[in-house]
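One structure below.
Going by the order they are written in, the chains are A, B, C, D and E; count residues from 1 in each one.
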Amino acid sequence: MIGISPVSVSHYLVVGAVLFVTGAVCMATKRNALGVLMGVELVINGANLNFIAFGSKYLRVESLGLDGQLIALFVIVLAAAEAAVALAIALNFYNNHATIDVDQASELKG
Amino acid sequence: MAEFFQQIWDSFFQTSSESPGAIAYLVAAVIHCVLIIHVVAVGALIFIWMERKISGRIQDRLGPTRVGGAFGWLQTLADGIKLIAKEDITPKDADAMLFKAAPYVGFAASYCAYIALPFSDGWVAQHMNTAVFFILAVLGIEVFSPILAGYASGSKWSLFGAMREAAQVVSYEVPLGMCVVVPCMICGTLNLVTIGNMQAGSFTNWLAFNDPFTFIVACVYFTCATASVNRAPFDLAEAESELVAGFHTEYSGLRWSFFFMAEYGSMFLVSGLAAILFFGGWHGPIPIAEPIAGVLSLVVEPLLNFGRYVVGFVVGDLGQVTEGVVATQIANLMGCLNFLVKGTIGVTVMMWVRWTLPRLRIDQVMTTCLKYCVPIAAFGFLGALVWQVNDLPTSNDMPVIGKNRFEVRESWVYQAEKELRTTSGDQKSSPDDQQPPFDPHQATGSTELVPQGAFVMKGGAR
Amino acid sequence: MMLLAAFDFDWHAFFFMFFALLTCGFALAVLFTSNIVRMAFYLILSLGASAGLFFLAGAEFVGAMQLMIYVGGTLVLLIFGVMLTAQSRFVTMKTSSGEWVMALVLGGALLFLLLTAAFRVGDWRTGHPNPANVGLAESKTTTQIGMGFTGVRVDKLDAPEGSTLVSGMSGYLLPFVIVSVHLLVVLVGAAYMARTKRRASSAGVGA
Amino acid sequence: MATQVDDARIIEFDVRTDEMLVNMGPQHPSTHGVLRLVLRTDGEIVSEVEPHLGYLHRCAEKIGENLTPRQWIPYTDRMDYLAGMNMNLGWSLCVEKLIDHQLSEKAKHLRVIIAEMGRIASHLVGMGAYGLDLGTFSPFLYAFREREKILDLFEEACGARLTYSYLTPGGATADLPNGWLQKCEAFLDQFEPIIPEYHALLTTNAIFVKRTAGIGVMSGEMAVDFGCTGPVLRGSGVDYDLRRDGEERYTEMYDGYAFEVISQKDGHYPKDHDYPAVPAEAVLGDCWHRFYVRMLEVVQAIDLVRQAIDRYSTASGDWGVPIKLAHKLPKGEVYLETESPRGQMGFYLVSDGNAIPWRVRARSSCFCNLSVTSDLCRGCLIADVPAIVGSLDVVMGEIDR
Amino acid sequence: MSGQNLVERLSQRFGEKITGSNLEAIDPWIEVSAAGIAEVCEYLRDDADLQLNLLNCISGVDYFIADPKKAAKAGWEPHTEVVYHLSSTFNKHTLVLKVILPRWKGDVEGKLPEVQSVAGVWSTANWHEREVFDLSGVRFTGHPNLRRILCPEDWVGYPLRKDYEMPLEYHGIRGR
């Protein structure tokens, strides 16, 4: 393929960066609490992609090795935990305030 | 042109020692695609016909008898044509994009899982080291199809079906995963081809009969598999007496049939997985495939060589058929039939159960999962683990015809022992502990990292 | 990889492009859709495609894990949340254009920064000279990962004597245990938190 | 799912969901025709069920005010179309009560044979359809296989398979044909051994027991309060069967027959030693008991038919010649209930002295049985709604009339 | 208990509210006033001798002849009856009660005659009274949910009344 042959770590980093930035913007702009949560998932996934890229033996001669994959696994598991908690918070918020709009969560505002 | 034929020829009979060419790969890919498409799509046709016949027989009636002769074997095809001709309705309240996409999600997931399912020794579209895991993961994705369909239909019954499906499938993945881990643990690999090959020999070598715990686990696996593909008595997502038709209430025509193709596809998938993990995969109960294949190859091989000679006049010489390849391929073909029969038996049992039992209630389905399946699976897992670690006798130790599954002993338990001993001990660089160079052509899972010495040690212990 | 190398055409790059475009495209779709259910759908596709990138990078186990836990587990949970709260007024929530501009400007800046960084290091940029030669066995990391979690690094057995990595013992046993306990606590906590207490009298809104 | 907390004013939920109104029916696979249930649900839990009737309403009572009693017989067929014979019987007896018509012995035994065969046929549908409600298809076909044989017999007797119009005021439209009794006996001999099969598929099936035992429990008092009758009443342990406790004109049909009313006394059903024991989970008055009473009534009916065949063949008199089509009715009003398969089917006939009644009224058993639905279904799961409605075994044709 | 005894006993207890009886009919009946029916029913249900715990049926019967010549020969004034058939699952006996009402309340056409609801005495009465209301046009006071049950909510008229005219058209459906 033009330009990106062979595929390098940098290319993966580009995808990771796009995911990361998309997720961050998503977190900033979405008003729905679950939309924010989806942004977080994108960010985490972007970061994960970087770990995989650095650990891959196909992209670099001197790779990070197994550690990349191991850390990626930890990230996935922690993301699952994070999603569970965030979802519980969102549901609790929804139950108590009958809305899912994060802009209305102003109870703690001074 | 000659090269084209040469490569096709090579792809089957490996005339040259160097790796096959691109066209050979392409042919192989096409064959895999065709095979899998047929198992999923045509398989669905056959299974739906089978279901009708079986349910008919169970219920004292004949089932289809008209279309396509006395057995009505073209009935499903006729229905398929009817479904294509039916109007494709999208409800007013539906989210049109998701509504239309949902059936394909399910079908794609079901189809995708077949990529890693071997039909015989090495007959697999993508030879994966994590095949078991991959199949489970992709099966888990299939749940999105009912969820999206149920949500996007804009009907309350569909939504109920979707919620039930989501809750059920996510719960049943837990015991299903536990059950699948047991054969992987015994074989020390996630590679389905290796797991299948380790059960070569007579049926006593099948992992279900390895020890009492694996048998329990096999039973639990089948129960959970039935639940995870939404078959009765766990077919709550489409419970017709409660939810009209559940998540596919609003679907019609071809879109609706995609749900069914996905359902039958996953039915065969989980049955096939059961066959490989617990019931010997492509190995028959008695190891007669190889001798028969050997005899047959005595006839077929000369014929092939003659054919090569005749064709050679037109396209140029294709090269001699490699010694033994024909016998292997014939054995593989028989193994494939074996595997299909086993998978079909699994599907038949599911049908039998469906037409016999009433449906459970949603809370009872959850109870079955969490109170029965999970603890029993965990118990079976621990039992099998203890059995392996303590090196208790298995059915595989019995003096029977066929190979002795010594590889079974080469599980990661031994590897861990070995590594721990090595690292805790002073001297670390005994040559046995070095990783052997990997051979990319040899696709085995269990021996991938095992130092050669482990074999020797085990062999000695025996 | 052998398969991909069979043609002169660089299939690796082709599939990378394919999955990368899917990943980024659906991620952007998540960003620009205002319908929460469709956002969830696009997120599934985006994460599924990124699992394809994992497979492509040789991380089969992590890829399958991504499909199983992330897509098959976390996202099902997320969709559950979406369905539980999907009242029509929350399905589409528009963001003010000012916020959009702010976020896009900052996001663009961040993206620029990251992209610059991505191509800074020569080693990262050049890629593997001949990925086709890496071989199938390199992707067989399942056992290694499993051993790594139990505290034995079989891939580091030949680490030099006296290095910071005690040979073979730089595994992840402790983090693994911590994460397991953490996960358990989190799940119990989440289950507890999602339960609601309402006054019996007010059937309608809130406590 | 809601758990108890100390403060009674606070309800704890697993996850709060919004209440939904769901229409179950009128087009729904398990509402036995065109019943519409409006469910108010919180997740899977049903907080309120409201039946909506009338989709089959054709005001048969109004039609009855324009026809002579014999002309109205076909309309009774179409009320409980699964037990047309028993409906014919109820109306015939009611008319005979008004005109004070006495039947011969033979005609009475004929009516017992036909009515009890009708009961078997009806309970077979009830049983099979209940299997469908719980998601198992095969028992339905097993039941229909046997029902078809009964319908064959009925067809031979009266020429119709569903809407018989066979029993009429005065007796029956015709005598049983030659050889009918032998065929009937042959059927009973063949049918009786099949019943354990039904028990194996349904009554004792673990899933079936899980789905029905302890579901929709109705006390005897509640059943009487709601006017539930038939197997629904006896399933709650009330010992009441019009064949024994009804009016003279009806019970004299069964004079000299040996039968016991099927209801649980002291934890036992009569004759239950032959049939599966009551499972531990089952509570008197639940869906399982209602179903079981029906199953036992099939056996009871077989027994009654056997006795009736014996007595019919030796009885004196004719088979009962029908009254004239436009028989002039005496002035007066009568009410008579019979024990039809689904409960007590009552007919109320007011005459002003013409051949055509002034007012006709059908008291539908299913109408009363169904009225208990909203109380039984309160707080159950969605899947229990078909289980409960199915255990009441309603026929909409009779409810809507 | 013989019919005569019962009538006397009820008259003693309820006085005016027992307005008559017919013990010669095939099914003897006792006539109760519209205002006393609930009270009488409650007594009949709870009395230890009677225990009429099962309400079999409530029927509305309309007595009306449009043709004045025929009406003169009928021998009765136009009226509406509500008939209650009771029985006891304990004593296995039955009883018929009747409430005789004017066809229209205060003889104003369109105003439905009223009678006390017995839905509080037997739950069966709930639906039966709805049916009588729906088809015969009798209003049951104190009924928890008096709506049409068999006919659609927006149906006009009471089909079992003798002067009922089938509507020509209902939501575009031809009636006659």
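Everything that follows uses one rule, which is that a contact is a pair of C-beta atoms (placed from the backbone, for glycine too) under 8 Å apart; a residue touches a chain by one contact, two chains touch by 3 or more.
This is a predicted model, so every value here is computed, not measured.
With steps allowed only between chains in touch, the distance from chain A over to chain B comes to 2.
Geometrically, the chain at the heart of the complex, using CA-atom means, is B. Of all the chains, the one whose CA centre sits at the greatest distance from that of chain B is E.
Seen from the Cα centre of chain A, the chain whose own Cα centre is farthest off is E. Between chain B and chain E the centroid-to-centroid distance comes to 70 Å (mean Cα coordinates, whole Å). Distance between chain centres (mean CA atoms), chain A to chain C: 6 Å. The mean-CA centres of chain A and chain D are about 63 angstrom from one another, to the nearest whole unit. Counting partner chains per residue, chain D shows two or more touched chains at residues 15-16.
Residue positions 61, 65, 73, 75, 77, 80, 84, 138, 144, 194, 196, 198 of chain C each touch two or more of the other chains. Residue positions of chain B touching 2 or more other chains: 163. Residues 1, 4-26, 28-32, 34-35, 37-39, 41-42, 45, 48-49, 52-53, 55-62, 65-66, 68-70, 72-74, 76-81, 83-85, 87-92, 94-101 of chain A are the ones that touch chain C when the two sit in their complex.
Chain B meets chain D in the complex at residues 55, 58-61, 156-157, 160, 163-164, 232-233, 235-236, 239-244, 355-364. Here chain E touches chain D in the complex through residues 25-27, 53-57, 59, 61-63, 74, 83, 85, 87, 89, 92, 94, 96, 122-124, 126-128, 131, 135, 148-152, 159-160, 164, going by the rule given at the top.
Residue ranges of chain C in contact with chain B, taken from their complex: 2-3, 6-7, 35, 37-38, 41, 44, 48, 60-61, 64-65, 67-68, 71-73, 75-77, 79-80, 83, 86, 135-140, 142-144, 146-147, 150, 152, 154, 157-158, 166-169. Remark: chain D residues 53-54, 57, 59, 61-62, 97-98, 222, 224-227, 229, 233, 238, 240, 245, 247, 332-335, 337, 344, 346, 348, 350, 352, 358-359, 361, 363, 367-368, 371-372, 375, 400-401 touch chain E in the complex.
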